[in-house]
Amino acid sequence: MMDALDIFATAGLWAAVLRIATPLIFGTLGALVCERAGVLNLGIEGIMTFGAMVGWLTVYHGGDLWLGLAAAALAGAAFGLLHALLTVPLGLSQHVTGLGITLFASSLSYYIFRLVVPVSGTPPTIEPFQPLRIPYLSDLPFLGEAVFAQTAPTYVAILLAFLIALALQKTPLGLAVRIVGENPHAAEAQGIDPIRVRIASVVFGSALMALGGAFLTLAAFNSFFPTMVQGRGWVCIALVVFASWRPERALLGALLFALFDAYQLRLSHVVGKAVPYQVFLMIPYLLSIAALLVMARRARVPQALMQPFRRGER
Amino acid sequence: AEKLKVAGIHASPVENAWNSRLHEALLAAAKDGVIEYTFSEGVSGTDYPRAMREYAEAGNKLIVGESYAVETEARQVAADYPGTAFLMGSSGGPAGDNFGTFGTWNHEAAYLAGMLAGPMSKTGTFGTVGAIPIPEVNILINAFRAGVKETRPDAKFLVGFIGTFFDPPKARESGLAQIDAGADILFGERIGTADAAKEKGIKSIGSLIDYTPRYPETVFANAMWYFRPILDAAIKDTQAGAKTGKDYSPFSYMKEGGNDIVFTESMVIADTIPAMQAKREAIKAGTFTVPVDPSEPT
Amino acid sequence: MSARALELNGITKRFGALVANDDVTLTLGQGELLALLGENGAGKTTLMNILFGHYTADSGSVAAFGRTLPPGKPRAAIEAGIGMVHQHFALAANLSVIENVIAGTERLGALALNKRAARVKLAALSERFGLTVDPDARVGDLSVGERQRVEILKSLYRDARVLILDEPTAVLTHQEAERLYRTLRGMAEQGLSIIFISHKLHEVLAAADRVVVLRGGKVVAERKAGDTNREELAELMVGRRVARPHRDAQTPGAVALKADRVSVMSGGASLLSDVSFEVRAGETLGVIGVSGNGQSTLGRLVSGLVSPSSGSLDLFGHPVAQFSPRGFVEMGVGRIPEDRNADGAIGEMTIWENAVLERIGEKRFSSGGLVRRGPARAFAAEIIRRFDVRGGGPDTATRLLSGGNMQKLILGRNLITAPKILVAAQPTRGLDEGAVAAVHAEILAARRAGTAVLLISEDLDEVVALADRVQAIVKGRLSPPIPVSDADPRRLGLMMAGAWDEAA
Amino acid sequence: MRLERRAHVPLSLAIAAPIGAVVAALILAGLLIALAGVPVFEAYRRMLIGAFGSRLSISETLTRTTPLILTGLAAAVAFRSRVWNIGAEGQFYLGALATAALGSKLGLHLAPLVEIPILMLAGALAGALLLLVPLGLRLKFGVDEVVTTLLLNFVAVLFVSMMIEGPLKDPLAFGWPQSVPILADMALPKLLPRSRLHIGLLVAIGLALVLYFIQSRTRFGLEARAAGLNPQAARFAGVPIGSILVRVALISGGLAGLAGAIEVLGVKGYVTTDLSPGFGYTGVVVAMLAGLNPIGVIVAALFVATMFVGADGMSRAMGVPSFIADVIVALSLLTMLVALLLANYRVRR
């Protein structure tokens, strides 16, 4: 039998980490993009659920897996648009609207799923994404199995983290998003329309969230069922904070969280129940709160987060 | 005879393996013209007692479901509606005249599956993924282990509990974790386990339902559980006006047709089949009793 | 006349029932330096916001260099060569200078920001107009003057040919202001057309080519800077000759308020250092200073909101042990906060609630934890009557009051109880001349009744009119007092610049 | 398009807006019901029956209303002072756990008349303490409480899970993760025999009235409102913001904790991790629907409970997926938010 430390030497652990992290990476990046533009999107849990449902349904009805992802992204974008319209031009309180969107999107996805998929004895399944073998890399001794035996969306998620980090720092659009999140009045004075930028960011971010959900039904598993997102959306909200609103750190945070989860699953085989598994699951939340504590002092929070911008009002 | 009005209340969606066994048996009974069946699913603990009361008030004579999460309240409801029979999957015992219970006893089939599995493993390590360490789950896993031990005395076992009844991705992750830890045969008390086995190209065993059609290359045996005998017994008692406040679990026994093994001959080691079949007959004949061990496997 | 840079035609803008701009027509010639004048609330900022596209006018049109601008599109204004420096800075504190400058200047679809080229251009502009600032500094770390420069650079960077500055000197020292006007002059000579807004008439007369006066949203006059004077402009702004009341000589009584070497620290920064002063009953001490030098902190200190980190503050000869707003109110300190919207009143609450909030602990307004609404309403009604608060009764939401009336409410709730000490911070900020006269009369009446008044104000005329003695606050330090009879503009200017010895 | 705040909201609009919102939500949900191939009006009729058609349904609706009033009040009280307590769910669970632990055979063993109030207080205290953490972080370090209260929900539920699988696990529950049960005589008296309806409902309604009185008549109510509306001005006026907000948090967290306590004492008897079908989150919905008014909270809680129980019954009767109940509540919230905005603002161009 191995001991608690040997677990880290198994390639399976690291493969699991990447797999568990993927929906979190998508979701966290999505929430992060919204928040960098100044909009808190607590609709994430519902949007992920809806994405999981739509993505799965598309494939179940004969669609290609990539089409399933696209459909999920589109559905996420639609809910993002709803959240954005309510919170940006109308300026409704972001957290309450977000909770409403979560309630709405998740109950609606269960409802639609039940209407469209007839009740059957066992959950209907689809053929999910298979691990994508990358020439040479996948044949590497340890790394091949640990890192390069993932499904395509996992690679996409990791790539996205870096792309979004680059885009935020290095492109005019990214700068526009940041300035809107810091001070929409400053943005407006520079000829940037804060309302449009916010709406676009929320729509884009929500599409990413939905991709995170779709990963659950199209890659991590092969069927949809109610409550399957299991609070992952809230974890993402925590991770954004933990990452101090930086995409590359969001990636790191998601991986760290996944490591806790994957390790915890394996640890129980080794040491039994010495440490309650709940402790591991709590750590990411507590770490995020601790991170907030440090962050609040440094004022790295997007300054206009949760502040509605109404044109011509002061 | 007049059709009996029966309601099913499923705490999980009816896709959940366990619920699907009840659901299918009830649907079949309805198709046979014995009962009239209505149901609701995904009923949370908070809503469950209300659903029971509603169905009782709507004139259902037999209400089938599960009281695991609402043992106290469910018995209270039954006491409030003496004219309705309740047949509940439960870890506790029956109560009053009208609160009957049953356990999910497919441990006999699991024992047989274990016998087939024993020699198939290269590593000698067997994983099991369970929901929560409650007696029914424990009995099942322990019976499987006992079956393995019979053909593979040096076997090592891993066990994972996912802490919930329906979270296939989590069951899958747990299965993968066990494979990482050396298991090359998985006993999947929970749906999702076989997905892990399939992904890693090892073999697995299903429980409750027949997983082989879904995972033809992976699942070589299933410890089937059939609800129909229990249901039929309860229907008979209800129609006869007899006391239904009793334990219907014995109708899960193999000799009653309540559980059995289903396996794919081409996937197992041929020499092991005769011994297993002999054991099966012994169980049916009552000459061999599969040990019932409700303690938490470690 | 030179070619037209801007033409505003028949601009009308309403906010609810209020007409902020009423059929305003205005032109700006190329290379011209135009001053826009008007009392607070005259609609100057609104007009500029319409011009820049922040607000959409209800009617009227804006044309730049002969081309009509689409309404409500700042981007179009920017593209037409208009740059605006806002009354309240529009900067993102967490971004760097260069990021603030180049945001929105490049195509949003572009794949990369061209920071290197931007840096070169910014350096050239800084050089040419003498506006130096570190392009990589975080804006939040800059001083007010530096932020002002960033604001101007933002416009210049976009090749603005028309520059609008809304009260650019409000936060600058006299020297900084003079430097700014020199820069603006230079810019105008290089062909830029400039509109600036200011309340400081001497600046206007010195810097502008032409002056346009707005009153009640209408253009009421237009003058060449050389053809007018302060008195005329003041009268044009208010619409009538306003006589401010005069202070009578009076012998002060005992020391009511005394600060002895008080320092206030916050987050490692020293906001006040070694501040000493005293105010006697029946006397007014004026504290002048440019904003950002600690006036706010001083006001907050004597309002019981912040406590000293060293030194002591005596009220009626006893050092204050516990600094709390209610404690100060109970000891008879009336407090007029400088920012009436932020500190003075809660818009969503009724007038009576605002009237009694700071003394809700008194027996007459609450007992046993319950609010006594009757007496509270009566108190509010009394304030409304005696201080002529117009626009509603005790149960009206306070936000519905105009700024001046809100100020009267705040003044009233302090003066109606005959305070022994009155702390008045910028008491007439945001008031029209009529209201200013009324407030001055009330403050003088309180002094006459034996109240010790601490007047903190940026308005030199106000200080000269009300105070017996004057001290200046500069970088958190207080100058020695001088009698107001010795205060002439030059001397006050030197004091405010920190040159106390020269002023003495 | 621009929104401009109305100086006065006409009474007719103030009444019409919420009604319009509910109607709009029902119409939208009607489309979804129609998708299920079910006659919409019949479905709504069934929903009404499901909620009010029998002694059972009325008692069930009111049973469901009880915790929602309390969590609704918890949100309303906090939101009115701009304390964004999204953590009622976690506070609910801690309240429930404290009550179950102290009320069980491991606990106090006092006379029921003495112990039941103590148990309620203990539940309230547990909830209150949980909210004090994020509030303290906000007051001391300026950490925004929206995210911290949200995150603490998960910590709280995991903690409860840990306890009921650990030291507080019921040894007689056949391995099921549930807490030790309260002693039988600690159960709250029923309001109706043969039903789940218990006197907790009266406690909740009573507290709503008390809270209404506190908010509208007391000095604390006035100061708490001032602190919420404009903390800076309130501080200038000498309102001790810190201690006021601490008291607000104690009340808010306490109410949410009490909701958990009452659910244990009145209905369930022990704690599981599915004790609450999102009562804490739904409390936010209730509070918003009520416009943060305590009396309104009673009505809004009744409305939400009606929708849940009614739609649940309707789904059984008509074969519409039961998830429609949540859909209707969510739609009501969203339409209500918009309606309230439109009542307070005027749309211009």
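For clarity, chains are labelled A, B, C and D in written order, and residue numbers in each chain start from 1.
Following the convention adopted for this analysis, a contact is a pair of C-beta atoms (placed from the backbone, for glycine too) under 8 Å apart; a residue touches a chain by one contact, two chains touch by 3 or more.
In UniProt terms the chains read A, D = Simple sugar transport system permease protein; C = Simple sugar transport system ATP-binding protein.
Remember, predicted model here, so these are calculated numbers, not experimental data.
J.: A-C versus C-D: which has more C-beta pairs touching?
T.: A-C
J.: What's the distance between the Cα centroids of chain B and chain C, rounded to whole Å?
T.: 77
J.: How many angstrom between the C-alpha centroids of chain C and chain A?
T.: Centres of chain A and chain C (C-alpha means) sit 46 Å apart.
J.: Let me have the rounded angstrom distance from the C-alpha centre of chain A over to the C-alpha centre of chain D, please.
T.: 28
J.: For chain B, give me the residues that contact two or more of the other chains.
T.: In chain B, the residues touching two or more other chains are 41-42, 163.
J.: Name the residues of chain A that each touch 2 or more other chains.
T.: 110, 226, 311-312
J.: At least two partner chains per residue is the criterion; list those residues in chain C.
T.: 56
J.: Among the chains present, which pairs are found to touch?
T.: Touching chain pairs, listed by label, are A-B, A-C, A-D, B-D, C-D.
J.: In their shared complex, at which residues does chain A touch chain C?
T.: 170-173, 175-176, 178-179, 182-183, 185-193, 299-300, 302-303, 311-312
J.: Touching chain C in the complex: which residues of chain D?
T.: On the chain D side, the touching residues are 2, 4, 7, 217-223, 225-226, 229-230, 232-239, 349.
J.: For chain C, which residues are in contact with chain A within the complex?
T.: Of all residues in chain C, those touching chain A are 49, 52, 54-56, 74-75, 77-79, 84, 86, 88, 90-95, 99-100, 102-113, 140, 154.
J.: Over in the complex, which chain C residues touch chain D? Could you list them?
T.: Counting only chain C, the residues touching chain D are 15-17, 56, 303-305, 324-327, 329, 335, 337, 342-349, 353, 357-358, 360-361, 366, 369-371, 400.
J.: Can you list the residues on chain B that touch chain A in the complex?
T.: 13-15, 17, 20, 23-24, 41-42, 158-161, 163, 166-170, 172-174, 176-181, 191-192, 195, 209, 214, 298
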